[in-house]
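These notes are about the structure you will find just below.
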């Protein structure tokens, strides 16, 4: 039997990881918040929270709401800005032996380009582009809901960095495959999906929205069926690697995504429920490889038998 | 205090109902299946299951799967066809004092027109157009994901019947408001939403999709936040009445939709969980009207205070 | 036979094996109405996880005490939650659902495999005092607590296990030809894995003995409203397992 | 102070009112580490409903026995499930989380309202033998089981109820000016409704007494990773209630 390290080794867009289980942006802080609960060096990769050019205070009012088997969040991209990230946070993360990716958000194509440029030589493993942000020049329509806007973000980011670039797709679209093909054609090295579904909750006592921002992003087990479907559809269509996420709570969930074609997965909301989820998913994948007598976890990727 | 009957009376697109709680298509059979569990005459309206021109056998293999706080279905529109519906089923339903709507599905615009024509003089209260079906002339893309296709279905149906026409929107779109505006402009008398979200489940033992049809429609509490958001967005944009659904299990859920702007609601998956859900929701609405000292339930419609 | 939704009280809950349990429920109205072959549709928890009900056959009835018996295997979350119930707890049950077996014939043969034996217990009890023959199969002796249950109800018990730890080594179908040759049955009932049922149906046809099968399908509503459970009919439109079944004449459905 | 995830054993679970319960948990590692003002983040059920943990203040500690005390009000599904726990049951707790109160001053005043009194119990117990004054408010006498709890810990207890059924009729803030005038406190701690805390902070400023407030925000992670709980700071970026709070100096945050 091969050694565990080997079993789970994964490479996505040139980023080498000990295993395919990554921490999803916005749910794992800067990583260090969780260091007391698990060994950060045993995580596939950490995607730090959504970073913008300038510091952002985020949304007012209530920012989260629980929903059946899920949660809504409307954090509003609160973050200290890219300079503070580079100066204060990345140095700490360098002490760990884990690839770190920065998730970037902008309101214009230029902002994305600028962010990529600043992050280029900071020693991070890659950039994840969050295209679910509103494009202020196009009336606030999210970049991620229009193939051309998404493609131009990707092209600009690629032009400004030599780092591997992963584009994170928004599920709030009619045709996820068209989006995936557009960002692939624009040069994205990999795709991650799904970001949150836009949802809402209403307080029937106060007759007000529960969230200060009215709408928020739905995540957690509730969205898993939609995420899995989109990952499967995208994997059929693109050649670049796909990272799947959306409601992964267990190793079994992760395996579903990998069978559907994901080369790696990210764990998001589950970190809140159990900070040791990533560790448990990693262990579960190892056990699965052994139990099914596979040589490595990559043996399951895309092996879903349809008819 | 006004009498309960008055409190809940609702009219949508000229269809007068004792209360705003309707049974959603595909989840309530032809209504009669549930007559032993509740008094059909106390339901706002019954939308019978998706009907096509010809009988359909539906999908092979497993048709349902449970998901966290939800379920996937891939029934594949099994139904006896519109003639059998008219000849064998509608006569039975006429014995009840409840408005009956027929949910129609077609593979071409012409089929929808033909269905509307056949149903026109059958004494039903209205037609609900299911535009989530694949348009065979456009490569199988669902009518409900394209404004023009959806509008042409609505126009054709309207041209073939004098009955009130409700168009049921698919949530699998980038811009639900654009779809709503398109069907409103095409003459739809009301809008209902949401139909199911496309989802998927994978069996990690057999490495196969759980559903025979690979993908299926997600419904139940899991989708409520998405449904509520879409209902709210659509209600801001259109002038015709909106019927909200998606994960309604309780009166509280129904009130959330009504506050967001829905004039009426439909109960779907909840019927499977508790066949008496509709009755309980009706009672809960009555109690809410009394407790909040409203004159009728319509007083809450669209009253969501957004700052 | 009106269908009911009742809060049944748990009277007894016992282990038959480490994975199989018997649940006795106080549900007089269901007990009163039901016939062999029917099932109850159970809401195992008052929450959305699991969301749907679980169909379980009524494996016996004690009308005098107003109780029904369920025998179930713990396989997933629903049955795990069921397994936690203690005497006195309440359980939301819909039933009796489905069409039962047609009670006919004087020399019936019952062929069951695995959990498919559950509805056959109630059937055997009802067919008495006619001489009932049961042919049953399972993987290993531990699973054959069924023999204890059927012994008091039947004249003749024929047993196979995959590993030969009890009865004859092999599968039920191995014993069937000889049994059909040596005795003259006038009715066959079968419930279990579909491969087994298909074999039984074949033999029944050869020997021209009327035969009923009891099917299992994934069910949402249990009352004919959702069409999640339809099965292929030999003739005409698909049939709803929940209302037109779960018991069908062998000639009606494609196994 | 490392943060832990433990399976705590329920030792005792008692009703303080029909809606408020006290839960005593065997959690020696948490008991060992914790200081007043911290909280535990509880996974009330091993399922997705509810999905998120629930933050509850540590209302006292018994280091000798390795137990922590929680006092909570049943308000929604999470606390309803919590209310079902019986001695011997296990409960998944993360903690101790957050920054506690700064223990300083010789004549402290504690001002609490409603469930905000919970962390003040542990604080009062820790501040002894310094003379502790507690000003507490509630709606009605039934809710003032707190007096029994604080009596053994404090020299001076001042009570208001909305309906005057116990102590003075009115709200805590009504009694505050007189109290501040008549005695010379050198530290004020407050926890409760934000309107009350804002009032306390105002008076503290007027009398130039250092003051700490303990905030409540909706929390997902509890460890500073999700930013769901940040509150507005008087100066500079927002602060995380879970890690930089829940206790803040009155001047740090906008109430």
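Letters are used for the chains, namely A, B, C and D, taken in the order the chains are written, and counting of residues starts over at 1 for each.
Throughout what follows, a contact is a pair of C-beta atoms (placed from the backbone, for glycine too) under 8 Å apart; a residue touches a chain by one contact, two chains touch by 3 or more.
On a predicted model such as this, the values are computed, not experimentally measured, just so you know.
S.K.: Which chains, if any, touch chain B and chain C both?
M.R.: Chains in contact with chain B as well as chain C: A, D.
S.K.: Measure off the straight-line distance from the CA centroid of chain C to the CA centroid of chain D, and report it in whole Å.
M.R.: Taking the average C-alpha coordinate of chain C and of chain D, the gap between them is 56 Å.
S.K.: Centroid from C-alpha atoms only, then distance chain A to chain B, rounded to Å. What do you get?
M.R.: 34
S.K.: Please work out the Cα centroid separation of chain B and chain D, and write it as a whole number of Å.
M.R.: Averaging C-alpha atoms per chain gives centres 47 Å apart.
S.K.: Can you list every residue of chain C that touches 2 or more other chains, as numbers and ranges?
M.R.: Within chain C, the residues that touch at least two other chains are 48-49.
S.K.: Going by the touch rule set out above, which residues of chain A reach two or more other chains?
M.R.: 68-70, 220-221
S.K.: Using the definition of touching given at the top, classify the network of chains in this structure as line, ring, star, complete or other.
M.R.: Its topology is that of a complete graph.
S.K.: Given the complex with chain A, which residues does chain D contribute to the contact?
M.R.: Contacts found on chain D: 2-3, 5, 43, 48-53, 94, 218-230, 237-238, 243.
S.K.: For chain D, which residues count as touching chain B in their complex?
M.R.: Touch list, chain D to chain B: 48-49.
S.K.: For the complex, which residues does chain A have touching chain D?
M.R.: 26-29, 33-34, 36-37, 49, 55, 57-58, 62-66, 68-71, 73, 75, 78, 80, 220-221, 249, 269, 271-276
S.K.: Considering the complex alone, what residue numbers of chain A touch chain C?
M.R.: Spelled out, the residues of chain A in touch with chain C are 68-69.
S.K.: Would you pull the chain A residues touching chain B in the complex into a rising list?
M.R.: 67-70, 72, 145, 172-175, 197-202, 204, 206-209, 214-216, 218, 220-226, 228-229, 232, 247, 252, 255-256, 259-260, 288, 300, 303-306
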